[in-house]
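Okay, so chain A shows up in both of these, paired with chain B first and chain C after.
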Partner chain A sequence: MSELVGRAVDRVDGRAKVTGGARYAADNPVPGALQGFLVGSTIARGEITGIDTSAARAHPGVVAVYTHRDMPRLTAPPFPYLKGFIPLQDTRIHHSGQPVALVLAETVEQAHEAAALVEVSYRAEQPKAVIEDALDEVYLPAPFRDRPNEIVRGAGEAALAGAEVRFEADYSSPTHHHNPIEPHATTAVWEGDRLTLHETAQGVNLTRGTVAAALGLPPQNVRVISPYLGGGFGAKGPLWPHTILTAAAARLVGRPVKLVLSRAQMFTSNGHRAQFRQNLRLGATRRGVLTAIVDTSTAQLSRTDEAIFNRSDSAHLLYACPNVHIRHRGVRLDVATSSYMRSPETTAHFGLETALDELSYELGLDPLELRLRNYTEVNPETGQRYTGKHLDACYRMAAEAFGWARRNPRPGSTKDGEEYVGWGMATETHSHGAMPATAAVSVDAEGRVLLRIATQDIGTGTYTVISQVAADALGMPLDRITARIGDTALPEAGLSAASATVASVTGPVHRAATAVRDAVVAKAVADRRSPLFGLSPERVVTEHGHLFAADDRRRRDSYRDVVARGGQPVEATGSVPNTPGHSFGAVFLEVRVHARYGSVRVTRVVTAHDLGRVLNRRTARGQVIGGVNWGIGYALMEHTVLDRRTARVVNPSLSSYLVPVCADAPSVETLFVDRPDPGSTALGAKGFGETPITGVPAAIGNAVFHATGRRVRDLPITQDKLL
Partner chain B sequence: MTDDPHPTRRAHKRRTVLKGSAVAAGAAAVPPLAATASAEAAIASTVDITLSVNGRDHDISLEPRVTLLDALRDRLGLTGAKKGCDRGECGACTVLVDGERIKSCTTLAVMRQGSRITTVEGLADGDRLHPVQQAFIRHDAFQCGGCTSGQIMSAVACIQEGHAGSEAEIRDWMSGNLCRCACYQNIVAAVGDAAREMRR
Partner chain C sequence: MRAFGYTVAKDPADAVRLVTTTPGATFIAGGTDLLNLMKDGAQAHDHLVDLNRLDMAEVRAQGAGVRIGALARMRHVAEHRRVREGFPVLAQALLASASPQLRNMAAIGGNLLQRTRCGYFRDSGSACNKREPGSGCPALEGYSRGHAILGGSDHCIATHPSDLAVALLALDASVHVLGPDGARRIPIADFHLLPGSTPERENALRRGELITHVEVPDSHAAAHSRYLKLRDRATFEFAVVSVAAALELRGGVVRDVRLAFGGVATKPWRSAEAEAALRGKPLTAANVAEAGRALVRGAAPRPDNAFKVELVQRAMAGVLAELGGPR
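So, the complex of A and B:
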């Protein structure tokens, strides 16, 4: 019956994006807007003792320079504001790069130059920058958003003591930064006590509520607009101070203000993946059945918050193991607040999937076989069967397409010219969210469909997928659907983060569109002027914008004619809750390690994923390709370096913080199980965007071991670690 | 203003601009400034110039330190070119100047008088998309679109330079344009496909 859902249709926003027509947050011309630029602290810990803004204020074009002395008092809002404090409120410095002044000028050039003329003096204290600086200050933080940081199932330590085989190792990864290509941008426009923000937001409604709380406004006085987002990866989910400061400054100065963070500022302004260390201890039988997992990790926290984002969910939930003890510990340092970064569960999962590979060698078992011996379709937390978990099919499909059975397990067994060749695999899994959402669908007298919902398209394909869903439910061609999203003036929806968008909005869109279809059919069969008059509604089918009698296709009407005869658009809203869950997959890949240079290339990748029903193969494939490359960056290059003396980021640029480029990216073969999850109200689809990174770093490390016999437990796997 | 005041402009001023940003990079997390401060630049004196963009002449008045990218985006309202880094590292701002691809954040607008500038907005022929634009849609060579204008302009030049002969060659010659969504394999397919079509 369905014609569009599941098909790899072209993105409906494609034309706007390839012609430059798509207007992103920084692209909106706002008449009379001043340009804002922030001045950041050069120390990481201490007090401001004086600020001289006279030279900056004297610079041509400068309209105002605000500091803690003249900003209005603002309230640090609760989640999703993560920072715990708002800058420019007092003299205390909590991290390097913390805003200490905000310059407003007529042009960008003037604002930037004047920012350099602001003279700040400090009383500096010695900061602590990395976990290793404060090992004796490690502690178990209070639960974050009701999720405890200690999880116990069975008796981990006791089971470990009695295990036939024990394995222990330490794993670690550095700070990472999201670095979407589009920097954070905001433009604040006030009309009386109403505020409009053109904002880089992964969640327009959460941004609205948070900004309103900070400024002491009722939420309905704030409108947030974000129709296109040039990448977020979590960096634009929570709200960050620059938005609040820009809005407050625009009110103070009495003109609209636009502010765009510089690339360097994005290394201290909008969260990051926290530096992370993990001790893993596994107990197993000689046959390879896990009897204990004891996972003790330490994440970097800031002085002003203690939220832990990189949780060990997979140690807890992925395999059948009766005794699990997890502790997410933290240590407060003089650095900026960390946050969610695409696939937060990857961080701890790297340790687990590497440890399993190491255990497989100790047991003399194939690493895939080890995972199958611990396979479960029961959620160990609830004791319930998953409504859909086809990870076993993922293993089978990907292993076969890759040719895994041909692998010689001996490390260093294959050399091709100057390069060692290695194969590695890992399981992929990530949780996904589900948030309340309402969609509105209407059909007008021209037969055009307007779909409205305040969700977002962060590049994942929301515009396209919801248009497909609406078109199918109505029986309309795709090009009749116009989707409007990314605006708080639309019916409310949640954040586009936590892989939640498809899981959250598909059901509501489908329900609203189905209600419109049913209403139009009802009108037709009740209208003497319709060729369908008198038919029972069940005997009417809708296709290509027309309504047909099921058993006599010559009797037909059209959406356009029915609505035109009725004289007004037919509209309905829909709202369907969904439940959070997990999606799964397997990644098999090949690396080549240069014998003399130690450089690693990923040369072949096969993945298979279970995301329930695949709504659009092309956008789903995009998530896999992107995820695999994120995994490559994670394993081989991404690394924010902090100077231990000053707690400053040493490499705040895209030439020194390396991300994969075209020449680093292999072609990925992407397979999907594509079976609807009956437990999901999103037409059987599960949230997915974060899953396809999760196994890649470990698979690469495992392949490097297979190639060379060298086990690197500290990411990234750079050449120096292999020489 | 149509006389070219900089006859040597084709010898790219990129190097000198990059030198300026290298100094800023040494200063750890201190925000690097787009326009490195100098005493003269502090005086907001503007010059009148004419920029030829997408076949149209635009008379504008701006400070000499304004980059071509900021001139396009803020003065001419051509926001197709994006500012991802403002220092020549990401490629989101790539445009064609006299047919060559350049990063428009690393050149000053005043240096590009008398040149033919093409941005992504000027690529299509009316409603008919350029073969590279079509191929990008067909191969799903973008997600968020933040890098896409730059990728497309870079691809047009890459093909014209004769650097799209094989997948490996495309990978190398398209590596100056970062895509954080990492649509690289689709970009490579799109560029290869468009190259074949343009040769026909």
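So, the complex of A and C:
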């Protein structure tokens, strides 16, 4: 069967994307649409004492300026609305950049200029912006979505006290923002009490339900359309206020409204990776067997919610350790609400994978050997053996390809010209989700296949992978498949987040396509006009759009002819549940640190990953390249700066919030174990997208230590820390 | 950004006349900084006078030096053979700036006039003495990693972002302008101003004055020069610290040296003190170290940028090493 699945098939939407044919959320011209623009609070904490909108309303082209005084009362919906409150409902300010007015005008430029003319007066209170300014207010929040913030296995403290070797260190990372290149955009079109949203959404169905709840509508009255996404990374998974406010304003003004967040607004409007501090204490035997992990972390929270996303999953899942005590603590600050950000566990994983490197030096063990001594075939959370875990193979493959065995462990042992050379490694892992989904597949009388499922392509390759799966199941060429996704009018599927898309939709697509194939074969063998008449269906093979007799390929029919003779398209739907799981990997890399200036370059990277069966080597490799380069940004530059006195973001632009550029990107050798996980109904594939960033920051820090003997525990590793 | 008028200037005198007589007018050439400033609300203009049709883009040898038209694009200047051979520091500074796309658009005159990358200046929701005189300077006690350790005042510590200006300063270039009262020449060292109590005034240009060209004189040191730019990523980023150095060595003794610095001062910074510590002396590690100490004498670091005191000395030593000094 398998002709396409597993191969490095080109993106089926690639041509549309590079020619501008792909229509993103803000690309859809909606006749009569007004342009919306939000006015953000310049203070972080306090009350609005007055808003003068007269100058803004007098500006040419301005149709309306809404504030808390005239917006309808809206209901803050439950998850995935994380913010806890909806702006423009009262006078309280919870963070800088909080929307305080919404301008609607005929053009974008008019809306922007009028927004600058809205005069807001405040009674300001002193805000707190960073964890360091509120250390005495740290607490253990209640569970978020039933996941507790204290996790205990065995007796961590006691085991630590009795350990042969103890290690303790503190790690930290700053606030990060997702910064997808496509800004958040929404266009709200009302017809009576029915709402259509052209939306930048990682989950059209979740967005539908959440918007409906906020506006007091039945979900079926809301249609959400999101055919392409210019990156989400978690920022477009939860619903954010601008979408609700735009929909409410469009209803109020009686015209469609389009709103696109500015880059600066994206630093206060759609979540972020929370500032994070972590104290890690490890206990081990002298041989390097972990006996205790005590992980106490602190994440920055907002005043209006207490969800923690920087979870220490790795500390209790990745290694065999009988005594684990994890506390995810938080502290409320006058900042915007944080959220999921690819990959949420990376903050804590950086600490763990750095601490293991440090422990390996204390023990005189190779860092890879230390990890192998704590390897587990059993999921420590459930006690169940993993159905497919080949992390050991990842270590072996990547170490060999990298040449790890040649490493001189002594820090500072290698210098090339003016640069110190260091090698570092880390384990990678991410737990992926699996969400219910239904796919519909039909073949028409022209032999064309329509695949419909309300999943999303957030840039990862969903269009391509589901087309491959359907094509193989049917025995059809890829170019006969048209996939329609990203629309709540299609059969329901879940969020494209938590690395869940492939794990969730592959089984349903495969089942629906297989059902169509079986139905077409059944029609052929039952039809006297078919050359295959009378054959047992099992004796029929389908390839290249044709149906053949297995033992006599001269007897053949085609999808087109069978369906044409039947007079109507053949359609089937499929649903197959899957279970959440874990994908794994190892990253080995080389850095060069300038001896005089302390500047760090990542010069060589080898990865190996176990994601079960690889459905498309090109898109899988794309995820690794993206993860590695984001990991480089994470380790070396990314940093949202909050002014400590005003709690306002100081660098809300892509010229001041640095991400890696091409010149920072090294060659990446991407290896895959590629063995199907028998526990996965997604043709043996596991969710993967978020895995290949997780170990990169620690591997870089570990390599910097190896290069220089300097251990940087506070990210990012800028050159001033290595002078 | 508010609506603005737009006129294409026919010749330099026309451009000067238009900007002088039109309320709220300013010049636009490449527009790579101006448009961002207008969109961000850091700067507002009612009228733009487009210079791009003017015949001011030529780069040519002139006497003992090179004359660079103010409309020459950064890429064109960086690739010009006369520039690469006679003034390597200039070509290197240009190529270390921005991105290829920006270098194709941005003009030399505008490069000298680009405004600071200070986050408080670029955020119209923050106070800033440069943007709104008298409103205060949050950087003094706020986030100051990108800010100056030299040349600051109680009103402003923002750094000047141009790499080109640092190189031109080391080369003793001059800026030629045309204004309502005619043409004049401004030595590059006098072109950019210290913030003092008027950080909104960044250069010596008078109202309506247009940069027509820049002249760079030849010298032995200019031909033996180098630009070093340290930054937080490999390309497409402003300097944390940069050094433009030009050096003439005779028998191991420094006959001529020019040292200018970016990323550390409120204007492109020439250090006569560091140069004096080297001129006429052998280029030894001890003398280089003394020059470094002379450079940072009087530095006023803050917690976020204190590292620049050390880094700028290392950068200076590093670039001198590349020019033949001690390793």
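Convention: the second predicted complex is superposed on the first by the 723 of 723 C-alpha atoms of A that agree within 3 Å, B and C clash if a C-alpha of one lies under 4 Å from a C-alpha of the other, contacts with A are read in each partner's own complex, and residues count from 1 in each chain.
Everything below uses one rule, namely that contacts are C-beta pairs under 8 Å (C-beta built on N, C-alpha and C of every residue); 3 or more make two chains touch, one makes a residue touch a chain.
What you see is a predicted model, and the numbers here were worked out from it, not measured in a lab.
The partner of chain A that touches more of its residues, comparing chain B with chain C, is B.
Within the superposed three-chain model, A:229 lies in touch with chain B and out of touch with chain C [touch as defined at top]. Once chain A of one complex is fitted onto chain A of the other, the partner contacts of A:460 are limited to chain B, with no touch recorded for chain C. In the superposed model, A:720 makes contact with chain C only, not with chain B.
By the touch criterion defined above, A:3 reaches neither chain B nor chain C. In the superposition on chain A, contact is made by A:596 with chain C only, not with chain B.
In the superposition on chain A, A:52 makes contact with neither chain B nor chain C. Look at A:648: by the touch rule set out above, it reaches both chain B and chain C. In the superposition on chain A, A:571 makes contact with neither chain B nor chain C.
Of the two partner chains placed by the overlay, neither chain B nor chain C lies in contact with A:366.
In the superposition on chain A, chain A positions 40, 42, 60, 96, 109, 112-113, 116, 264, 643, 646, 648, 650, 652-653, 655-656, 660-664 are in contact with chain B in one complex as well as with chain C in the other. Residues of chain C touching chain A in their complex: 1-3, 39-41, 117, 119-120, 122-126, 138, 141-143, 230, 232-237, 240, 307, 310-311, 314-315, 317-318.
Every residue of chain B that touches chain A in the complex is listed here, in rising order: 25, 28-35, 37, 41-44, 63, 65-66, 70, 73-74, 77-87, 89-90, 92, 119-121, 123-124, 129, 133, 136-138, 140, 142-149, 152, 170-172, 174-188. Those residues of chain A whose C-beta lies close enough to touch chain C in the complex are 40, 42, 60, 96, 109, 112-113, 116, 264, 596-599, 601, 636-637, 641, 643-646, 648, 650-653, 655-656, 658, 660-664, 718-720, 723. On the side of chain A, the complex with chain B involves touching residues 10-11, 13-24, 26-27, 29, 37-40, 42, 59-61, 96-97, 107-110, 112-113, 115-117, 179-183, 228-233, 260, 262-265, 267-268, 458-461, 618-619, 621-622, 625-626, 628-630, 643, 646, 648-650, 652-656, 659-668.
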